[in-house]
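First chain A sits with chain B, and in the next complex the same chain sits with chain C.
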Partner chain A sequence: MPDDKTIHLKIKRQDQPDGKSYWEEFELPRKPRANVISCLMDIQMHPITREGKEVTPVVWECNCLEEVCGACTMVINGKVRQACTALVDALPQPIVLEPMSKFPLVRDLHVDRSRMFENLKKVKAWIHIDGTYDIGEGPVIPEKQRAKAYLLSECMTCGCCLEACPQFAKDNDFMGASTFSQVRLFNMHPTGAMEQEERLDAIMGEGGIADCGNAQVCVEVCPKKIPLTESIAEIGRETTLQLLKNLFLK
Partner chain B sequence: MSSISKGQVHFFLLKMHSLTGLIPIGLFLTFHLLINSLRTVGVLPYQWSIDLINNLPFLIWIEVLFIYIPLLFHSFMGFYITKVAKTNALRYRYPRNWMYVLQRLTGAIVFVFLVYHLGTTVAPKLWFGHHLFEAAPFLIDVMNQEFATWTGRIIYLIGILSATFHFANGLWGFCMSWGIIIGPRAQRNASIVFILFGGALTVLGLATVLEFSLHPVDVEPSFKGAP
Partner chain C sequence: MRKRKPQYIVIGGGLAGLAATMKLCEDKAKVTLVSYQPVKRSHSVCAQGGINAAIDTKGEGDSPESHFYDTVKGGDFLAHQPLVRDMCYQAPAIIHLMDRLGVAFNRTPEGHLEFRRFGGTLYSRTAFAGSTTGQQLLYALDEQVRRYESEGQVKKLEWHEYLSAVLDSEGICRGAVLHDLRSGEIFTVKGDAVVLATGGPAQVYGKTTGSTVCNGAATTSAYLQGAKYANGEFIQVHPTAIPGQDKLRLMSESARGEGGRIWVSRKQNDNRDPLNIPEEERYYFLEENHPRFGNLVPRDVASREIHDIVYNQKLGIGGQPMVYLDLTHHSEGFLEHRLGGILDIYTKFTGDDPKKVPMKIFPAVHYSMGGIWTDYEDDGNGLIDHKSPRNQMTSIPGLYAAGECDYQFHGANRLGANSLLSCIYTGLMMGPGLIQYSRNLTSHVEEVSSTVFDQARDQWRGRMQAFKQMNGRENPYILHQELGEIMLANVLIVRENSRLAKALTQIDDLEIRFKDLQCPDTTHWSNPAPSMIQQLHCQIQLAKIITKGALIRNEFRGAHYKPEFDLNQPEDFDPHEYVEYNEKRQYGEIREDEFPPGHTSYMKRYEECNEKWLKTTIAEYQNNQPEISFEEVNTSLVQPRPRKYD
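What follows is the complex of A and B.
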């Protein structure tokens, strides 16, 4: 039984993308200020289950270890979050680790989140600095607008909002909150606004903004506290105006 | 004029789903509950309102174009939207996520209720033919029968509650989808306003149910010989 001296982990594992999943339990000596990543590192060093069976080390992704990269996103005790900021002292045991369910699985806790990157490309989530010619300096941005944009720019494409979204699924094209919020961010920028119409066109189709069901779980689970539902409503307004433009002005 | 893509049609249909929920369906629901609650004011105003509505010119066209077609479209799209949903409110227990589930559930309930409601009111009218038909005495008699039993009362209570919730919460969704409310405070304020509005509609509906349940009435045709 887990006590003050041990940590009990229950991990959902899968050897291949199309393989069968299974559960394995591990018991580790408790270290002060441990987080889920440090536990996974301990397992990597001694991959021995609770029953004493030696197994392959658990595969997971991590990078920054300070909740700004999003790589270690997984489902911890039933809710999606980053493993690096999941402190063992604050978690009830056993600590249950599962991979995100809405992305193609690579192995164990490692998933392929490239769908998010593809969506960012579809909406041109960048600002053109120069074309074939120098387009010059951008206009000055008011401080209030900069502060607002900064909040949105904190998105690390971790996938929490999509994992928790009831509209987002493996078998559909829904882009989800993070993409819409990035559309808002780049439309907000005076230079980025030059491609506003192309960005809006990209989300006014299948899987676009109209597919949002307003369950608003995205904003609840966002680790960076990005005002995602405000972004969704703002993008709702921008696409509505674009629709009216398309219908009456073109 | 560029050609229209499948994606644009998809977007437009979802936008129209949102709009038809308000105009004309939501507006119809509001007037329907309001006019029916004339029953609580008196039998005569209620009877006259039925006479007036059933003698509107081009009634069948008004009904088909502004009620049946939008309603079928809204229902069809609604079932498509519900089919796509992967509800997770048991895992992520937030109020809005419950509303998301309830919105889909009440939509389905209202659909089933409307099949029943139209079956007992409109279907006989179409079946028997308008010339043989005296709207007010017939409909009031139907309602007397519906509200004579607890089964009928409960069916209508569930139907009315589902419809008012679906409309009030749908109004909030409409405001999000069309970008009428943006910030978190605006969203919260709007939900308070729509809760009050939905509550008022529910009161209208329940008052009518109560009046029919407590005081069933028999009425004569308002004008002898006239349909």
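What follows is the complex of A and C.
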């Protein structure tokens, strides 16, 4: 029985993208300041289930271990979040780990989020500069505007907002809140604004912002507290204007 | 005939790798960019505090020349001076470029770049984007590279591991052996040159401030192929980290840059709530011992002082190895605005709010000043010839390195906020030289016999297969943990020859046990175990480089502290005396009474020590051991002198 000296983990596993999923349970000694990642590391050192069966270590993705790289996102006790900031002492037991369900599975808790990076390409999420040569200072930017942009620029492409979104599914093209928010970020920048129209056009078609049902769950799960609904509203307004412009000017 | 496009393989998509890729693409080259994970998740995102450039917006009189001096002094004069100087002169243009790329750098009321203070300097020289500067810089470069990718100039191979360089019959690097981490496939790619931008080796120490992929395997693999490894023993221990199970999370130097104070109770084993310890019973030891630099002494100095307070004076918090880092004298609004991100990290991992209570911190392994040896060519005027193909080339022709994995910029100790700079600088600076290298090649990679590539591939297929089939008794993850424990116990802040020698035997024992590993996973899809074993093999070799270098270097320089060889600088010594001493020295021996008592003999000791040890440590792989030799350091621009941070 798990007590305050042990940690009980229940992990959903799958060996291959087209394989079948199965559950395995582990019981580990509790250590001070443990988080879900340190538990998975303990399993690597002792890959033995609760029933005493020797198994392969669990596969998952991580890097920074301080919630800035976005890699370790998974579903923990039913909630999508980062495993590195999931402190064991704050979680009810058994701790249930599942991979994100909206992305193609690679193995165990590891999924493929390439779609998010592809979306960044579609909306030209960059600032097109003339070149890297030294042409002096960048644009003067008011601190208030900078602070607003900074909030958006902390998005670590983790995918929590997409996992939680009712519109976002494996078999559609919906771009999702994080992409819309990036459009807003680049449109806000004085140089970035020069490509504003191309970005808006990119999110006006299929899978674009019109498909957003405004359920607003995205903003609740974002670990970086990015004001996603504000971004969606603002980009929504901009696309409406763009639509009118396209109608009359083209 | 269409002009042949130069083509490169860049390994690693941290700041250095992305900067190099962007610059090469601008010069119309084609780049294959290889990384363990999506490059946007690289370790560089962890950097919090900022990036240095002497732009002097506050009328403090700062200049690239002062930045250069502070950096070489911070590194205890072990870095090649023309390189450091060139980097510092390029720094303002780098910051402006990053600003143009959209990095959300904090602003002044007028809308210009804001700067803050960092360790080892008296100027406000550090630009910052909230407290996630590395993340913001990395994203900006990642976006530029994504643009080139969408235009077809960059091919990304994420979820791929670099195993080694492909060397032709003349020992020239012609490509790389890669490992697809999902399918397990091992194959080669061809290029005019290969750039290693694979970051630091923190994982050799196990628990550190580094990320999980900072394993040092790529550069060690190059060393095993014959490349020189330099200054391995210079490992930076950061004074302020949060203790943890899986990682020691950094509390950035910016906390002290914004006025954070380090203290302990003057009483041993004091268990009182820190807020109840009255001012007069608090010992602000850095401020008392260094009135001018205070809490912003360089990292090596701060880590040593904390070590001394905790282990020798036994003044750690409640007798534990921890001291306070206190920001509670600032308003919550100010702290949220300037340090929000890092304070959140503290709260997330400890449950305490550093805006209300002092943080508890302790030193942790953080950065490697050493790395794979690389070359440079100066222009004769104390700067770098940017067109030279020698710049950033390792001792294997055609194999280049940039970023934390090279060794050239930080000497014996790195100053805060200088690494992000050196990473971007090297990535950009090496571009023109790489293009020149392609032009100079007398035979192109297309003409190299395919057997060269096939052999390299087959050799690695065999090797990785053998790792996968290991069926002994040892678990590789446990062995890795033990390696870290050996290094932390013996090759850290205070170094003693007896313990270093012991560590070397322990590493040898570990190497024997390595042969008895069991690969814990033998499946064929997305199996990280064989890679982990290969990385562990490299880390054992790297641990030997670090430890043997430390054992042989019998002096105290920067982060390499051997009390036995401390030259005992007199308390009232002024480093300028040494400049005077050197001038007089040209006219013959100096009498003891020409300087205050004890100073002349101290300066003689210093001179002799430099004569012997002001050298780059070079490790070369021979008979399964690092063979150590020494090379001259270029100190042609400023006279090395004793460091002092009063």
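Here is the rule we use: the second predicted complex is superposed on the first by the 242 of 250 C-alpha atoms of A that agree within 3 Å, B and C clash if a C-alpha of one lies under 4 Å from a C-alpha of the other, contacts with A are read in each partner's own complex, and residues count from 1 in each chain.
Heads up, the rule we're going with is that contacts are C-beta pairs under 8 Å (C-beta built on N, C-alpha and C of every residue); 3 or more make two chains touch, one makes a residue touch a chain.
Please read these numbers as outputs of a predicted model, since none were measured by experiment.
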Chain C versus chain B on the shared chain A, clash or fit after superposition: fit
Dominant toucher of chain A (residue count), chain B or chain C: C
Which of chain B and chain C A:L244 touches, first, second, both or neither: neither
Vertex chain A, arms to chain B and chain C (CA centres, degrees, nearest 10): 160
Partner chain(s) touched by A:E61 [first = chain B, second = chain C, both, neither]: second
Partner chain in contact with A:G138 - chain B first, chain C second, else both or neither: second
Partner chain in contact with A:W126 - chain B first, chain C second, else both or neither: second
Touching partner for A:G192 - first (chain B), second (chain C), both, neither: second
Gap in Å between nearest CA atoms once chain C and chain B share a frame through chain A: 20
Partner chain A, residues of chain B touching it in the complex: 1, 5-8, 10-12, 14-15, 18, 81, 84-89, 91-92, 94, 96-97, 99-100, 103, 172-173, 176-184, 187
List of chain A residues in touch with chain C within their complex: 15-16, 31-35, 37-38, 41, 44-47, 56-57, 59, 61-71, 84-85, 87, 106-107, 110, 113-114, 117, 120-121, 124-129, 131-132, 134-143, 146-147, 149-150, 153-154, 156-157, 186, 189, 191-192
Complex interface listing, chain A residues touching chain B: 78-79, 164, 166-169, 172, 204-206, 208, 210-217, 220-221, 227, 229-230, 232-241, 243, 250
Chain A partner contacts - residues on chain C that touch it in the complex: 22-23, 26, 37-38, 40-43, 45-46, 93, 96-97, 99-102, 104-112, 114, 129-130, 132, 135-136, 139-140, 143-144, 146-147, 149-150, 182, 211-213, 243-247, 249, 337, 341, 345, 348-350, 428, 475, 477-478, 481, 520-521, 523, 525-529
